[in-house]
Each structure stands twice: as C-alpha cells, then as structure tokens.
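Next up: the structures, one after another.
Two complexes, one shared chain (subunit A), two partners (subunit B, subunit C).
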Partner chain A sequence: MVTVTRRGYIGLPVERTDAIEKAQGKAQYVDDLRRPDMWYGAVVRSPVSHGFIEGLDRDPDFDWSRVVLVTPEDIPGRNVVESLVHDMPFLASQEVRYRGEPVALVAAPTREAARAAAAAVKPRIRAAPSLTVPDDVVRIYKEGGELEYLWRQDIRKGDIERGFREAEIVVEREYRTGYAEQLYLEPQGMIAVPQEDGGVLIEGSMQCPYYVHPELCALLNLPPEKVRVRQTVVGGAFGGKEDFPSLIAGYCALLALKSGRAVKMVFDREEDILFTTKRHPSWVRHRTGLTRDGRITGWQVDFLLIGGAYATLSPVVLARGIIHATIGYRCDNVLIEGRVVRTHMPPSGAFRGFGAPQAFWALESHVDELAEACGMRPDEFRLRNAYRGGDTMATGQKVPEEYGGPAVLRKALEQSRFEARFAHCSRGSTLTDRWYGIGLAYFCHGAGFTGDGEARIKARAAVELAGGGEGGPLVVIRASSTEMGQGAQTVLRQIVAEALGVPIESVSYPLPDTALVPDSGPTVASRTTMVVGAVLYDAAVAMKKALEGFVSQQFFDGADCVLEEAVFRSGSGQAVDFERAVQDYLRTAERQQRFEAVFSLPPGSQWDQENFRGDAYPDYSWACYVAEVEVERATLAIRPIRVTAVLDIGRVVNPVLAEGQVEGGLVQGLGYAMMEKVGVRDGLFEADRLQTYIVPGVLDIPEIRITFLEFPYRYSGPGAKGLGELPLNGVAPAIGNALKHAVGRRIHDLPLTPEKLFRAIEERLVEQ
Partner chain B sequence: MNTESAGEKGLGHGWIRRTWVVNGEEVSLSVPPLRRVLDILREELGLTGTKEGCGEGECGTCTILVDDRPVCSCLLVAAQVPDGSRILTIEGLSAMEEGRILEAAYVEAGAVQCGFCIPGMLMASYALLRRNGKPTDAEIREAIAGNICRCTGYVKIVEAIRLAAERIGRAPAGK
Partner chain C sequence: MGVRVEIADTLQQALRLLAESEPPVRLLAGGTDLLVQWRRDPPDSGTVIVLGHIPELQVIEARPEGIYIGSGATHAALRDSALLKAKVPAIVTAASGVGGRQIQSTGTIGGNIANASPAADLAPPLLIADAQVVLQSVRGERKVPLDTFYRGYREIDLREGEMIVGFLVRPLEPGGVEFFRKLGMRSAHAIAKVSVAMRLVLEGRKVCRARIALGSLAEVPLRAEEAEKWLEGRELSRETIQEIGERVRAVVRPIDDIRSTARYRRWVAGNLVRGFVESLAAGD
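And then the complex of A and B:
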C-alpha cells in the first residue's frame, strides 16, 4: 500500500529513464566496452596473510615479451590510498597485511594471458604471525588480550554509574554478526585510457567519481585537469563500489600509463568475493539497567567491529554503528564504547546500512529481552520507551516535537494485528508440528553523512540550460551522484522538473563525468535524494527565477510571469513556450547558463566531532517491521511468511521506486538474517563463489506489505529523507524476534540457521 | 555471417567449426571446442546483452535459449552445441513482439533496477511464457528460481511476468 502526497512530479510513479535500455541488453556496463588496442590487467597477490616482502621472482620459462609489469617502484606519485586514514598502499612494498594483498600488476593482450602472467610472478615473502578469524578476535578481546585498534570512539551521556544505581533489574547480553558480501551482480571493473597530454581517462563501475579522482591525482602525480573519471552503467553496488573502485582504477591507470595502451580490468566472481570489501563482523555487548515497571535507567554498550588490514572507511562505519547503538529509546545515562580491531584480512568496508545493521541486530534483539525481563510485551515496552518530542538521543541531539517513529510503530502493530498474533506464538510447544512466531523491530537510519560529514563535503550540484532541438534536453543536471540501480537518475530528474515547472522529458541527467560535474559528494549514506535532491531543487529554483525575469523583460514588457507546465504566463494571460524562451535566452552568450547550489545543514546544527556530541544527522528516517515465521518442527526449516513494513522516509518522490528499494533492501536483509555466511579459513573467505555464498532467490521471499507515512524533511524543497539503507537495517532482528517467539529460544548471532536452532533446542533439553 | 576468433586467422590447432542460427541468422564460426558460448556471443559476435554474473551456472544472468530451452551460457562450451542449433539472446528477443511486451511490462512494473540480471531474467520469462501462456504465480516463481536478482527483491519481477502473460495472451499474433 502506498499513501503518498502528490505535488506535481513529487509523489508520481514516473517510469525509470534507464529501464528500457537495460531490458533490451543495450545498456553498456564496463565489461561491454572495448577501446582500441586495449590490453587486460591482472593483480599479483600476496600468498600469505602477513609477512615481509623480500623480492618478486619472474618465472624464467614464461614469455614476458608481451607483458607489462608494474611494481611499487613504478608509482609516479604517492603509494597510499588517501581515504580517511592514510594507511593503505595501492601496492604493498614492504609488509603485506592480508592474503591476497596486491604486490604487483601485469597487463597483457588478453584476459587469459594477463592471468597467466600474474601467476608467473612469485612474490618472495617472509611470513609472520597473523590474526584472521573473527571468533579469535572476540575471544582475545573478552580475555583482555592484546589487540591493535584501527579506530576508537565513545559516546557519553549523563552519569552511567548513577544509571545502574537506579536500576532494579540489569540485563547483560552479547550479540554477534559475521562477514557479508554485497554481491552486486556486476563485478568490479574499470578501463583506463592514456591521453595524449600525459593524463588518463578512467571509465568504470563506481559509486563515487570524486573519490577516485583525487586518489588518482595523488597516485599518478597528475594535476586535477589531467585525470578524468567517467561512470559507466553500474550493475549494483550496495556500498561495495564506494571505496574499492579507487584501487582498481589506480591499477588500470598505472598499467595504462606504463604500457601506453588502454587497460581493462574486470574481476571474475571469485576474485571479487575474495579480495574486495565485506560488511564488518561485529560483537556487541549490551548492559542495561531497568526499573521493574520498564523504564531504562542506564545503558552501557561495548561495540566491536572487525576492520581487517587497513582503516579505509572503518572510522565512519563505527561512527554510524555507535550512534545507532541505542537509538530510538529514552535513557538519561548512556556509555557507548566503540572500537575497530585490526586483523590480517581484506579491509572491511561499506555495505548498505554501514554499521547500522550490526547495531540494530544487537539493539532490537536486546530490547525484546529487556521487555521480557520486566514482564512486558515487546510492543508495550517499545511504546513505553520510544523517544517523545523534546527528548535527547545519546549524542544529545534533540528529538523534534513531531517525528515519524511512534507513528510507524503504531501503524505496523495495528496492520499486523501484533497483539492478537503474539498471543498465538508457539514458543516451542510440543503440541504442534509447525511453530509460528511473530516479532518486531523498530529502527531508523540517520539520513546523510555522519557527524561533520555534510558540513565538510558542502555538496554542490548544478542545472544547465541546453539548446534542446531534435528532441534534445533543454535542461541538464550536473551532479556527481551515480545511478547504480537505486533510481537516482529518475528521482533527481523528477525533483528538477518539479522545481522548474517543466515536463520531465525536458530534463536529462547523463552519467557523471568529473570533467563536467561538480562534487556533489559520494553516492552513499542514503543522502542522494535528500541532500543532492535539495541542492538541485534550489539550483532549479534559481534557474526558474532567472528565466522568468528574462521572459518578463523580453516578452511581457516587464510584467511578472510564472513558469508552469512548460509555459511562462503573465498576469494578463500572455504566454510563451518554455523551449522558445530557452532558445531566445541562450542566443546571448553572456547570460548565465549554469545554476549551481550548495547544501546547507538545518539552521543551528552543531556537531562536536571529538566528543560525538550534537546533531549527528540532519534528520532520520524511521521504520517498523513486523515479521512472521514458521518453523517445521521435524527439520527446523525456517520460513519467513510475512513482513509488514511501515516506513517514514519523508516525502516519497517516486512511490514505485521507493517500494522497489524497500522490497530489495528487505530481501537483502533476509539474506543477512538467514542465509549469507562467510567463514574464514587460512586467511581467505571460505565462501568464495555463488555455490557457497547463498543469497535469496525468488522462492525464499515472504509476502511483503509496505506502507509509507510521510514526515517530510523540513529544510528542503522536496522534503525527502534517506531511503536506500533503512530497509535492510531491521530485517534480521524482526526475524530473530519472531523466531524466538516461535521456538522459545533466542539465537544471539547471525545468520539464523536451522543448525543454530538445533543447538539452541538441545541446550533447552539439557537444561530440562 | 562468418566469424573467426579474435586476432586469429583461419582454423587454429584443434579448433572446430560450428554453424548455428543465432537470433534467426545463420552464423559460422571457428572456435576452440572448450570456448564458452557466453564468450563467443559477447566477444566473437559482439552480443554483449548477455552478461556474466558468476561463471558457474548459479545466478542465471547469462541465460540464453538453445532450441527453446533456457540454459546458462557460461556452462555451455562450443563443442556441446551441435550444428543447426537455434540460439536466442536478448538481442533476438528484443526484436520479437513477445520480447517487446515483456520489456514494456518489466519497465512499467518497476522491475528493473541495476539491470544486470534483467536480460537473463527476460530470457527465463520468455521461456516460461512460450510453453505456458497462463502461468500461476507459483509457476512464475519456479521459472525464475534459477535467476538471482540482488536489487528488486523479486516482487516486481513476478508482477511484470504476470502482466506480460496477460498481454501476450491478448495479443492477436502472440502464442
């Protein structure tokens, strides 16, 4: 069900711009592109998890005549990924810190030849001790052993000692999650083309052209104008193409500049799973003080993420994780201690939710346990403790008088008939062969970059007037936000068309090219529709005003006019067509063609990055999921039967696309909850292919009921908040809670598998 | 159309010659016997609409029809496909009435996001509809059970196939 307000194009289920080309197989993904005289690249990787490089041997029997080899000495600029913490080299030159870490690169005329050449380069490495298995990390941490931290951050509110002095009940539990793979269907890939001026053109699959651009300038020692980065059609990303593309772009560029040819590198599935980023495994301990009547007096959270070999994006993943660790519930005394542990595995990175899914797995499982501890139903406990207007979050951010949280919670409970169905949960009864359970999760997602992120980025985006003609566009969007399947290209066009008062067909949004677009910030953090949409709306309003002023002078003798539905009309009824006005306007070259705007935070926003105090996000999207599951008693097969989803994402710009985001995120979350599992063996991810890394197929999905409630973002024209990540955040705890009420036992670590259920039930039998 | 493998002249050592009907057109090629049909389509014939998702027959992204049966072209090598076989790819389906109806239904239902799985999904949808014009929801799900989509959660893909089935059923020349 969709109940959204419509205002012109905002709220209209416009069909996607890019859908037909994709459906016809005509859309060009990076591996569909060829460039003249193009070679293929491959990576030479470390065979050990940790060690020191003593040299690289080249197999003397291999034919090296048509191979280009790049080693760290060939790097013209800085051999470091600048990202946030400058700790990761493009190519390891002394110490290798994970198995598979790149140590050299090769290019050859064919894919096969490149792979054979890479295999013929043997790094000589003196092996050193390594730490790779997440369970070992947790054991060492709990024993107080020595670990290296990539990052630490705490959040403090009130007086934690007092919080526990006032408590009548204390509940302490641990929750865990493992690695997870984004599994975008299109693997990572790039092409680098050397340019005549000594520069390089990069084309490929990426979320953030302006992450790649500065990295390459530094790596290649080139000025900004000599590096050009162009996005190709992206076949899914989910965070996996946030920071990693900088590496593969760097590899292609180094090979292209050394060989003087275009070089393409596209990973096969195994290489992609083994050596690109995963979701951080987590271990979270909640210790919570309560009064008997269910008030939370004190809340202490230990939040541990496994970061892998280098920091990369971990500081921000941790930030989002700890900010969401207790979010949604009133408590005056909070202490959250966050840490990212260094290990000898590939760097953990961005994956839809970015720390929040780990936080909510722990939080929403724990809140169910808190309810039980004080004899309340899970819904009662949540309604009693949900923020009210004027409350403060753990960071001190003030909750607005009206916000979407309580509304989505109540609506989901009502639609799912939670109370009545909760009474019918099987709770492991031996009187039935099929157990039934219902459970809920109440959650949110901070929309936009975390903390000082948006203030630092100062997202810019522009709209430009174009000549039209031959059915060409009259207005072109210039932004670095990428279409990766989520619908940005369509939704941002809707926003601009709405702000201008022209048909959406007049507005085009080509794939970003750093030579043409300003830095709108990365396409991450559920920020595109909310933040870049707000900026484009303002830019389009400025364009509209300029055009109205022009038409008023040029056509209406100075009488005011308004542009609506592609026609300028004056008060006295005179009318001029949009296309004609634009063409007239452009006849004089000095008139302003490009209208740019910058994002500004809500008035009075404050953030203290050192102490994590203040307004962590410009706004929050809220949701409640109610999941119903059945468990076959004989086999312990778990089947999710229905999910009732109620979400507040602010103004819904395109209801069909929004539903698609919820359905997709929900099913991806279902994989995280029940199926997707990556172990570690000998320093490698154990599930390295689709036969062993199992993601949901169409037969695994439950009935999904979606409702949107709109509590718009008050500080932008479109009023949209974040959507992309929210739908994944709450799936696992909703299913986990439903499973608990079906079976009578709680599983504290993901994924929720029949094997774990079997062990949990065995434990109960032993206890009895 | 006569095509030979990239960069080589004539029949390489141990290569085989094959004549297939690809998207209605007769194609003769000289290829290594173990060359994957997926690579032949994409690299030799320039039919890049067929995508590679996993390379081991798990994701269905590279689905094509060989003599009307849906198969993963990453698991099929040249030697396995006899002369005279009829191969249909997304480029061929696009040129057919049923293909246009299916594409339009996918677009309207909002079933396309990143789009990488969609050509394979459409091939599997077409394979279903040509043998079963009025599929139930369970039959639709069964037909695409071998195709992974990581974006949509499948809801709108099932809707799209349902919609296309109704329309093809109504189309005068449709099967």
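And then the complex of A and C:
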C-alpha cells in the first residue's frame, strides 16, 4: 500500500528513464564498449597474505613482445589512494598486506593474453605472519591480545558509571556478523583512453566520478583538466563501486599511458568477489542497565569492525555504525567505543547500510532481549523507550518535536496485528511441526553524510537551458550523481520538472562527465534524492525566476507571470509557451544559461568531529519491519512468510521506485540475514562464485507489505529524506527476533541458518 | 591442436566416434555441468561428442523388463512424463526440483549420473527404483545396478569407450508409495545439502519392501540397506517410527562443508525418513 501525497511530479510514479533501453538490451555497459586499438589489462597479485617484496620475476619462456608491464616505479605521481587516510598504495611496492594485493599490471592485445602475462609475472615475496580469519580477531580482542587498529572513535553521553549504579537489571550480550558481497550484476570495469594532450579519459562503472578524478590526478601527476572521468551505464553497485573504481581506473590509466593505447579491464565474477570490498564483519557487545519497569539507565557498547588491510572508508563506516549503535531509544548515560581492526584481507568497504546493518543487528536483537529481561513485550518496551520530541540522542543531537519514528512503529504494529500474533508464537513447542514466530525491528538511517560531511562537500548541481529542437531537451541536469539502477535519473528529473513547472520530457539527465558537471558529491549515503534533489530544486527555482522575469519583460510588458505546465501566464490571461520562451531567451548569448546551487545544512547545525557531539545527520528516515517466519521442526528450514514494512522516508518522490527500493533492500537484507556467508580460507574469501555464494531467489521472497508515512525534510523544496540504504538495515534483526519467538532460542550471529539453529538447540531436539 | 567437436545424429555414430576419435574424448549432453567446469578449466585437445541430437537417447517408455529412461532425457522431459509420474513418481519430484526451469530444459538424467556427484538429485530416486545403468560401447552392452555403479567419491564404473544409454527402473508395485525431498540453501537453484528418497511397499500396515536412498550424506549417493532390511516385515508402529530415523543415521557418512554440517545432515536425514514413515502410519 502506498499513501503518498502528490504535488505535480513529486509523488508520481513516473516510468524509469532508463527502463526501456535496459529491458531491450540496448544499454551499453563498459564491457560492451570497444575503443580503437584497445588492449586488455590484468593485475599481478600477491600470492601471500603478508610479506615483503623482494622482486618480480618474469617467466623467460613467455613471449613478452606484445605485453606492457607496469610496476610501482612506473607511477608518475603518488602511489597512494588519497581517500580519507592515505595508507593504501595502488601497487604494493615493499610490503604486501593481503593475498591478492596488486603488485604489478600488464596489458596485452587480448584478455586471455593479458591473463597469461599476469600469470607469467612471479612476485618474489618473503612471507610474514598474517591475521585473516574474523573469528581469530574476535578471540584475540576478547582475550585482550594485541591488535592493530585502523581507526577508533568513541561517543560519550552523561555518566556511564552512574547509569549502571541506577540499574536494577544488567543485560550483556554479544552479536556477530560476517563478510557480505554486494554482488552487483555488472562486475567492476573501466577503460582508459590516452588523450593527445597527454591526459587520459576514463570511462566505466562507478558511483562517484569525483572520487576517481582527484585520485587519478595525484596518481598520474596530471592537472585536473587533463583527467576526464565519464560514467558508463552501471549495472548495480550497492557501495561496491564507491571507492574501488578509483583503483581499477588507476590501473587502466597507468597501462594506457605507458602503452599509448586504450586499455580495458573488466573483472570476472571470481576476481570481483575475491579482491574487491566486502561489508565489514562485526562483533558488537551491548551492556545495558535497566530499571525493573523497563527504563534504560546506562548503555555501554563495544563496537568492533574488521577493516582488512587498509583503512579506505572504514573511518566513516565506523562513524555511521557507532552513531546508529543505540539510536532510537532514550538513555542519559551512554558510552560507545568503536574500533576498526587491521587484518591481512582485502579492505572492507561500503555496502548499502554502511555500518548500520551491523549496528541494527546488534541493537534490535538486544532490545528484544532487554524487553524480555524486564518481562515486557518487545513492542511495549520499544514504545516505552522510543525517543520523544526534545530528547537527545547519544551524540547530543536533539530529536524534533514531530518525527516519523513513533508513527511508523505504531503503524507497523497495528497493521501486522503484532500483539495478537505475538501471543501465538510457538516458542519451540513440541505440540506442533511448524513453529511460528513474529518479530520486529525498529530502525532508522541518518540521511546524507555523517557529521560535517555535507558542510565540507558543499554539493553543487546545476540546470542548464538547451535549445530543444527535434525533440531534444530544453533543460539539462548537470550533476555528478550516478544512475546505477536505483532511479536517480528519474527522480531528479521529476524534481526539476516539478520545480520548473514543465513536463518531465523537457528535462534530460545525461550520465555524468567530469568535463561537464560540477561536483555534487558522491552517489552514496542515501543522499542523492535528499541532498542533490534539494540543490537541483533550488537551481531550477532560480532558472524559473529568471525565465519568468524574461518573459514578463519580453512578452507581457512587465506584467508578472508564472510558469506552470509549460506555459507562462500573466495575470491578465496572456500566455507564452515554454519552448518558444526558451528559444527566444537563448537567442542572446550573454543571458545566463546555467543555474547552479549549493547544499547547506539546516540552520544552526553543529558538529564536533573530535568528540562526535552534535548533529550527526541533517535528518533521519525511520522504519519498522515486522517479520513473520515459519520453521519446520523436522528440518529447521526457516521460511519468512510475511514482512510488514512501514517507512518514513520524507516525501516520496516516486512511489513505484520507492517501493522497488524497499523490496530490493528487503530481499538483499534477507540474504544477509539467512544465507550469505563468505568464509575465509588461506587468506582468500571462500565463497568466490555464485555456486557457493548463495543469495535469495524469487521463491525465497515472502509476502511484503509496504506503507510510507511522510514526515518531510523541512529544509528543502522536495522534502525527501534518504531511502537507498534504510530498507536493508532492519531485515536481519526482524527475522532474528521472529525466529527467536518461533523456536524459543536466540541466535546471536548471522546468517541464521538451519545448521546454526540445530547447533543451538541440538540437545533439546534429540531429547524430543 | 585444439578441440574437435563432433555432433552425433545416431547412437551408432556416437559409439563409433567414441571408439575412434582423438583422445581425450568427452561426451557432452546438456552441458550444464561440463560447461561450468570448462569455464575454469577449458579443454585444449581431443574431441567433444555432442549427444543432444540423438533421438534414441531421449526415449522414455515402458518395456517388459521395466521402465526405460534414455540417458538424454532432460529433467523437463522427466518432470512432464505421465508415465513416470504414475510409475516412478519420486523421479518426477526430483526432476522438478533440479536447478531452475532453464537447467531442467537442458540438463539430462545421464549427465546427472555420469557427473558422479554425491549430491546429484536424480540418484536417490533411481536407487530406490533398483535402477540398472545401461551402458554401451562398440563392443556391446552391459547393465550395472546403480548402487554398484558408484565406486567412490566422483568415481563411476564407466569404462573406456562406453557411454550411458539409459536406465531401467522397476515400476512402483501395487501398494507402493514413493517420497523425495531435497534440502538446499535456498528454494531453487540449489545443490542438495541433504536429499532423501524412499519407496515403501505396504500390505495394510506392514512394510513388505523398503528402499531408502540418500544424497549428500556420503561420498556417493547411498542406499541405506541395513535400515531397509530392518524395516521390511515391520508394522508401521510407534516403535518403528521411533527407530527408523536412528537406523538411517547409523549408516550415513556426512561431512562438514561450505553448504552444511555433518551433524545437521545426519540428524535431518533421520527426520525426513521418519517423517515419511510417520505420515504413512497416520494414513495421509
């Protein structure tokens, strides 16, 4: 069910801009593209998890005549990914820190030849001890052993000692999650084309053209105008193409500049799974003080993420993780200690949710345990402890008087008839062959960048007038936000069309090209519709004002007019068509064609980055999932039967796409909750293909009921908040809680499999 | 060098090619196992004989000595066969659960067995139907019971120059019922982490004949012969139901792997067998 308010194009289920070309197979992905005289690149990787490079041997029997080899010495600029912490080289030159770490590159006329050449380069490496298995990390951490931290951050509120002094009950539990793979349909890929001016053009699959751009300038020692980055059609990303594309773009560029030819590199599925980023495994310990009547007095959280070999995005994943670690519930005394551990595995990275799914797996499982500890139903406990207007979060951010949280919680409970169904949970009864359970998760997602991120980025985006003609667009969006299947192209066009008062067909939004678009910030953090949408709205309003001013002078003798539905109308009923007005306007070259705007945080926003105090996000999207599951007693097969989802994502710009995001996020979360498992063996991810990395299929999907409640973002025209990540955040704990109430036993680590359930209740089952 | 691909139109032609072609010679039926293997490890010499165009291999029919299923019958053909549904229903259930529709339309019963995986879905239902593997080479024909055709992990009794032409199976006796169930890591497109097939022939509440076969529970698809013998002649009583699961658990040899654990597999195999016996006792 969708109940959204419509305001022209905002709230309208407009058909996706890219639907037809993708459905017809016409979309050109990077692997479809050929460039004249193009070669293929391949990566020479470290055979060990940790060690020191002593040299590279080239197989003397191999024919090297048509191969270009790039080693760290060939790098013209800085051999380091600048990202947040400058610790990861493009090519390891002394120490290798994970198995598969790139140490050299080759290019050859065909993909096969490139692979063969890569295999003929043998790095000589003196192996050193390594730490690769997440379970080992957790064990060492709990034993107080020595670990190296890539990042640390704490959050403190009130007086934690006092919080536990006041407690009548203390509950302490540990929760774990493992690696997970984004599994975008289209693997990572790039083409680099050398330019006549000594620069390079990069085309490929990416989320953030303006992440790739500065990295390449630094790597290649080129001025900004000599590096041009163009997004090709992207077949899914989910965070996996946030930072990694900078690496593969760098590899192609190095090979292209050395060989003087276009070089393409597209990973196959195994290489992509083995050597690109995964979701951070986590271990979270909650220790919580309660009064007997269910008030939370003190809350201490130990939040450990496994970061892999280099920091890359880990500091911000950790930031989001710890901010969401206790979010939603009032408590005056909080201490959250966050750590990212360094290991000898590929760097963990961005994946839809970005630390929040790990946080909510722990939090929402734990809150159920808190309810139980004080003899309350999980819904009662949540309603009693949910923030009220004027409360402060762990960071001190003030909760607005009216916000979506309590509303989505109540609505989901009511729609799912939670209370009545909760009474019917089987709790492992021997009287039935099918155990039934219902469980809920109450969660949110901070929309936009964390802390002062948006203030630092100052997202810019523009709308430009174009000539139209032959059905061409009259208005062109210039933003660096990328379409990757989520619908950005469509909703941003809707927002601009609405702000201007023109049909959506007049507005086009080509794939970004750094030569043409300003930096709107990366397409991450559920920020595109909310942040870039807000900026484009403002830019379009400025354009509209300028055009109205022009038309009023030019056509209506200075009488005021308004542009609506593609017609300028004056008070006295005169009318001029939009297209005609634009063509007239453009006839004089010096008129302003491009209207740009900049994002700003809500007035009064404050953030103390050192102590993590203040307004962590400009706003929050809220949701409540109620999951119902059935467990077959004979096999412990777990089947989710229904999910009732109520979400507040602010104003819903496109209800069909929004529902699609919720369904997709839910199913992806279901995989995380119940199936997806990447073990580590000999320093490599164990499930390296679709045969062993199991994701849900269509038959695994339960009935999904979606409702949106709109609590708009108050500081933008469109009023949208974040949607992209939220739907994944709460799936696992909702299922986990339902499972607990079905079988009478809680599983504390993901994924929730029959095997794990069996281990947990084996004794009881064998007795029966 | 390179690989020579031969497309056979008749069985005789295929057998001759098999005997005379440049080795190594590989048979390609639906290719759903082979092409996956070749993606990682492509052949670079010898011959590939394509079997998909040979009508004799696709036959499914009743013969005096039993039901005959050609090795080239696809899972879709098995799934949609009225004859099999009436006479060996567990085969139909198993075929309907192989991969997804695309795999069912392409993959064959012969390839499923010749691939020699302990998880092959068709093996347990064939085993409970006392299947004989019909093998041919230019030298002649040989029939081997399926339970001795499996020699060890990924090892079958297929001799040089031989191919599987079909399977002879025993139709369901009067009073007979069959059962097949597979557990995978998801609902479809899943390799069995446990599979169980059973055929029981009942006289009233007494079990006259029992066949129990198990997939992914040992290095080969397994018949639980001790458990079968124990069950034969018994009434479907509470004690029988209690005990049969344990008898099955005693014969399996499961392992821990990426899909499941040995302990779970053993437990669940017993439950599935017991559950089927229990459902018969309850008369449903």
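Operating definition for what follows: the second predicted complex is superposed on the first by the 762 of 768 C-alpha atoms of A that agree within 3 Å, B and C clash if a C-alpha of one lies under 4 Å from a C-alpha of the other, contacts with A are read in each partner's own complex, and residues count from 1 in each chain.
Operating definition for what follows: a residue touches a chain if its C-beta (ideal position, glycine included) is under 8 Å from a C-beta of that chain, and two chains touch if they have at least 3 such contacts.
Being a predicted model, the structure only gives us computed values, none of them experimental.
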Which of subunit B and subunit C A:Leu699 touches, first, second, both or neither: both
Partner chain in contact with A:Gly11 - subunit B first, subunit C second, else both or neither: neither
Broader residue contact with subunit A after superposition on the shared chain, subunit B or subunit C: B
Touched partner set for A:Phe238, first subunit B, second subunit C, both or neither: first
Touching partner for A:Gly51 - first (subunit B), second (subunit C), both, neither: neither
Contacts of A:Ala634 with subunit B and subunit C, given as first, second, both or neither: second
Subunit B versus subunit C as contact partner of A:Gly717, first or second or both or neither: neither
On subunit A, the residue positions that both subunit B and subunit C contact, one per complex: 691, 695, 697-699
Contact set on subunit B toward subunit A in their complex: 7, 42, 47-56, 58-59, 61, 89-91, 94, 102-103, 106-108, 110, 112-119, 122, 141-142, 144-158
Subunit A contact footprint on subunit C (complex, rising order): 36, 100, 183, 185-191, 258, 260-261, 263-264, 267-268, 271-272, 274-275
Partner subunit C, residues of subunit A touching it in the complex: 634-637, 675, 679, 686-687, 691-692, 694-700, 753-755, 758-759, 762, 765-766
Subunit B partner contacts - residues on subunit A that touch it in the complex: 13, 15-16, 18-29, 31-32, 109, 182-186, 233-238, 268-269, 484-487, 656-657, 659-660, 662-668, 689-691, 695, 697-699, 701, 704
